[in-house]
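Right, I'll just put the structure down here and ask away after.
Chain nomenclature is as follows: A, B and C, assigned in order of appearance, with residue numbering initiated at 1 for each chain independently.
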Amino acid sequence: MPDDLAMSPSPPRAGAARGGEENAVRRTRRLPRGSRRAKGLLYVLPALAVYVGFAIWPALSTLRLSFLEWDGILPPVWAAFENYVEIFQDPALYEAILHSLILIIFFSFVPVVIGLLMTALLLGRVRTGMTFFRVVFFLPQVLPLVAVGVTWRWLYAENGVINQFLEVIGLGGITRAWLGDYHLALVALGLIGTWTMSGLCMMLFLAGAQKIDTSLYEAAIIDGAGPFQQFRHVTLPGVRREITIAAVITTIAALASFDLVFVTTNGGPAGQTNVPALLVYRLAFNEGNIGSASALAVVLTVIVIGFVSAIRYFAREDR
Amino acid sequence: MRPRAGSKIGGVSVRYAVLVILALMVLLPFVSIILAALHAPGSQISGLSIPDQWSWQNFTLAWEQGNFTNLMRSSMIIAFGVVPLAVLLATLAAYGLSILKVWGNRVLSLGFVLGLTLPVELVVVALYFNLREVGLTNSYIGIILAEAALFLPFGVYWMQAHFSSMPEELVEAARIDGARDMMVLVRVLLPISWPAITTLSVLYFMWSWNQFLLVLVMMQDPDRRTAPAGLGLFVGQYSTDIPLLAAASVIVIAPIVIVYLTFQRSFVNGITQGAVKG
Amino acid sequence: MRKTAPFRRPGALLALGTTAALALAACAGGSGGGETNQSDNDVSTTITDEPVTLTLSYTNEPPTEDLIDGFTEHHPNVTIDAQQTPFNDYVKSIKLAMSSDDPPDIAQYNPGAMNTLVPAGLILDLGPWAEAYGWSEKFPAASLEVLSSDESAQQFGTGNLYAAPGALSVLGVFYNTSILDDAGVDGAPATLEEFEEAMRQVQDSGTDPLSVGGLEVGGFHIWNALLNVLGDVEDYRAWVYGEDGATIENDGAAEATDTLIEWVDEGYIPSSANATADSDAQANFANGESAFLITGNWAAADLESEMGEDVGFFLMPTASGEPATVASGASVAYAISSKTEHPNVAAAFLDYLSSEEAAQIQFEGGFMPINTEAELGAEGVRAEIADSFATVVENDGIVPFPDFASPGMIDKLTPGVQGLISETMTRDEFLRSLQESWDEHHAG
C-alpha cells in the first residue's frame, strides 16, 4: 500500500512506547476496575476481528504460501525454501530488489533534502503566501499515483513537456523518450517519486520547526548567527525526529512502489524498472506462480522492516 | 548588524524567487494536463501548448468512454463504506485500549501498530485466495473490509493518541456521575473529538480513493472498479489520445483535490501530528 | 494434509464450506472423467426456448459485441451479458474469474490463462459438440488445432478441443502508400531485401521507416514476423505447441534476431520504441509519421478509416520472394466454463461463429472470417489482407504467436526485445531467456 503508508505517520517509536510505560506507572492508581477492563474487550473486538481477518491472517497465509508451489487452482505442492532460493538466483528478481533500493534515493533522500530547503525558505520571514506555497508543495502527495503516472508518462514522452523545455534551454541534443531509455528510465521514474514526496517531507519539517522554542533563535542571533547558521544549528537539530519519520515513510513508499511503475513503464525497458511489487503482482496473477510471488512479498516485507529499523536505530544512536 | 539588514531584503527576494520556481515545478504537470485536456479531441499535442480553441468536449468523451459513471459510483460506494466503518472501529478500539485499558492493551496496541509497516503486497496475494474461498472477491464488501483492515492500524493509533491527550478528570467525573462506558464515550468524549475524527475521516477517504493494487486484484468486474483503477487500465487503450487521457486524469484527481483544498487543515494536522505524536 | 488444502477454513465458514465442497465434488466429477457426466447425455444442437441469460467475458472488441448481437437476434430468448476487460488485465482477470464460484459461462480464450484453467477442469471439453455440429468441416483445421491441448495443457495441437474461434487474425506489415511514393519506393516490396531497401529509402527521405510499440507487444511482433519467414515452420510449431525437446535456440530464430538487431543498428527501429505503447505506434503510423507498421490485421479497420486509400498491407516478405506461406495469427476464440448450466446454449453461440452471417460481422470488424467461403465484397486494404491470408490458410501456415509457448513467455519477449532495441542484450542471451521460460514450464 504505497499510498497510505506513504501518508501514514510512522508507528510510534520505541521511545514513545517507553514513555507510555511511564504514564502507565503514573496512572496505576486510576486504572479502571477489572470489570471495566474486561468490558473493554467488547470495544476492541470488532476492530481486532477485521484487522486479524483481513490483514494479519492473509499476511500469515502469504508466508505459508511462500513455502508452496501453487498455481492458484490445482492442489499445491510443498516446496520448502525453493522459492526463496529462486529469488536470489533469478537475476530478474534480485535486480528488481536492487531497483527498489535505488528508488530510495529518489523517493526518500532527495525529497528530504528538498523538503529541508522548502522549510528553510518558508521559515521566518516569508509571511505572505506561506499558506499558498505549503498547499501547493503538498498537493502532489494527495493525488492517486495512477493519475500521477499517467501525467508524467506524457511529460516524459518524446514530444512531451520535458523535452520541449530542454530544447528551449538549448539542450535539444539530449532529448529522448525518457521512460524508454535503458539507462535513465529508472532515474526518470525516481524523479516522479521526488515530485510526489518532497511536499510531504516539507510538511513534516514545518510542523517540527514550528515547535522550536523561539528563544533558541534569539540566542543564536545574539551569538551572531546568520540565517544559514540559524537553520543549521537551531532548525536542523529541532526537526531531527521529523527527518527520521519522513525517511521512514518515504522509504516504505519507495520499496513498495507499484502504482507508478504499473502505469508508466510496466517494468520496461528490458526489465530496467522492474520492482518487487510489480513482480509479485505479475507472478501471482499473470503467471500463476503463487509460491514465488509470496516469497518475494515476504522478502520485500523483511527489507521494509529492516530499513525502518535501521533508520530508527541510526537516528537514535546519534542522540 | 547593518550589512545584514541589507542582505535581509536581498535574502527575502531570493527566497521568494526560489519558492516560486519550486511552486512552478510542482504545478507544471497540473498545468500541462489541464491544457492538454482543453485541446480539441484527438488532436496531436507536443509539449505545453495553448489550445487554438478551448474545448470542453474531452471531459464528456472521457467520462463516457472511460465508463466513469460506474467507476465514480463504485469509488463512492467503497469510500463511503470504508470511512465510517474504519472510523467507528478505530474509535471503539482506541476507547477500549486507552480509556478502559482492556487487559493486554499494550500488546494489542503494539499489534495494531505493527500493521503500519506491512506492505499491501504481503497481504494481497493470500487475501485474494482467502476471500475467493468465502465468495468475497469481486464484491464491494470484500474490498471495504480489506481496506478497513489495512487502514485500522493508523486509525487505532491516531484515536489512541487523541484519547490519551484528554484530561483524565473528564472521564472520572462522568463515571462518578454514574455514566456507563458507552455514555462516557458518546456524551463526554465524542463531542470534543470531532476535529480528530474529521482528520481521520479525510485521510481515510484519500487512501480509499487512491487505492489501486487492492482494487485491481480484488475486483474483476470492470464496472465496479474504482476511478483510479479504471484510469490505470484506460491508459493502455487510449494512450494515443492525449487530450482524452488528460481529461480522464483530471476527472480522477478532481474529487480528491477538492477534498484536499476543503479540508486542507485536517490533512496537515493528520500528517504532522499523526507522525509526531508518536 | 496441509499440502493439499491451500487454506484451512475458519470454523465460522463451515456452512459455506459445505456448499463449496458439494460444488467441488460436482466439478471434480467433471474434470476427473475428462467429460462432464451430466451433460454427456444431453448434448444437443437445438437449444431451449426458455429465457436464458449467459455471461461472457472478453477483451477483443470488435468483433465480440456484434457477434453476440447477431446470435441473440436468432435466439431472442437468450440474453448474453458481456463484460469487457482491457487486454493488459485480461490474463489475470479471466483466470481469477473462471476459477471463482460464479464464473462467466463463456470466456474469450487466452493461452496464458488456459494453462491453469484446463488442468483444473474448469474449461468444458467441446468434443461432443464439435462432433454433433460437425465443426471439423466448419472451422479451418489450423484454427481448431491451436485450441486443442492435452488435459494438462502442456502440449497443444493435440487432445481435446477447449474453444472455438470467433475471428481470425494474421500478422503482417501495413504501409503508407504516399510516403513510399514520396521516397521513391515502387509499391509493396516482394523480398526481404527489398523491404530493407525500402526502409533505407524512406529513412533517406527523412521519415521514420517503422513505428514500433516496444513498450508492449509491438517489438516482438517484428521479431515474430521475421521468424515466420526466416525460421522453419515445423520447428516453430513444435516449440509453441510444447513438444518434447523443442527449442527456440535454432538457426532460424538466430537469423530473425540478427535481422532485428541490424534494423536497430540501421535506425529503422527508433530508440524511442521502448517507451511507445502499441496504440501510440499505431497512431504515429496513422498520422503519417512513419512508413511501416508491423502488427495484426485487427488494426485494419481503424487504419482504413483514418488513412483511407493511403494504407496497404503485405505479409513479411520472404528472402526468396516466394509468397509467404507462414504467418502468425491468433483467433479471438471463446471457451465455455465447465460450471455453466447451459452448455448447449453456449455451444450454439460457438457454432454461430462459423456461419456466413458471422463471417460478415468478423470481416467488418477487421478480422478474417471463420467461414472462408463467405462472400465478403472485400476491397481496399482488407482485400489485400484477405488475399495474403488465403495463401497462408491454403498452406495451413497459420501459427500461434510465441507468447503461446508458456505462461511467462510474454514477460520474456517484451523485455527481451526491449533489450535488443536498447542494445543491452545479445542475440544468444535473448533466445536463452525465452528457452528458459519454456523449459521451466515444460519441466513438469
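Just a few scattered comments:
Note that contacts are C-beta pairs under 8 Å (C-beta built on N, C-alpha and C of every residue); 3 or more make two chains touch, one makes a residue touch a chain.
Just so we're on the same page, UniProt names per chain: B = Carbohydrate ABC transporter permease; C = ABC transporter substrate-binding protein.
Computed from a predicted model, the values in this text were never measured in an experiment.
Each chain's centre was taken as the mean of its CA atoms, and the one lying most distant from chain B is C.
Comparing chain pairs A-B and B-C, the larger number of C-beta contacts belongs to A-B. One finds 40 Å separating the Cα centroids of chain B and chain C. Work out the mean CA point of chain A and of chain B, and you get 15 Å between them. Across the assembly, chain B contributes residues 126, 128-130, 216-217, 239 that each touch 2 or more other chains. Among the residues of chain C, those touching two or more other chains are numbered 6-7, 88, 92, 96, 99, 216. In chain A, 61, 65, 72, 285 are the positions where the chain touches two or more neighbouring chains simultaneously.
By the touch criterion given at the top, residues 61, 65, 68, 70-78, 156-158, 176-182, 185, 265-271, 282, 285-289 of chain A touch chain C in their complex.
Across the complex, chain B meets chain C through its residues 44, 126, 128-130, 132-135, 137-138, 216-217, 220-223, 233-234, 236-241.
Partner chain B is touched in their complex by these residues of chain C: 6-7, 9, 13, 16, 20, 83-89, 92-93, 96-97, 99-102, 216, 277, 279-280, 282-283, 287.
Here chain A touches chain B in the complex through residues 1-5, 7-13, 16-17, 20, 23-24, 27, 30-32, 36-44, 46-48, 50-51, 53-62, 64-65, 72, 114, 117-118, 121-122, 125-126, 129, 132-140, 142-155, 159-161, 163-165, 195, 199-200, 203-204, 206-208, 226-227, 241-242, 245, 249, 252, 255-256, 258-259, 262-263, 276-277, 280-281, 284-285, 290, 293-294, 297-298, 300-301, 304-305, 308, going by the rule given at the top.
The part of chain C that touches chain A in the complex is made up of residues 2-4, 6-7, 88, 91-92, 95-96, 99, 112, 115-117, 119-120, 122, 214-216, 271-276, 407-408, 411, 414-416, 418-419, 421-425.
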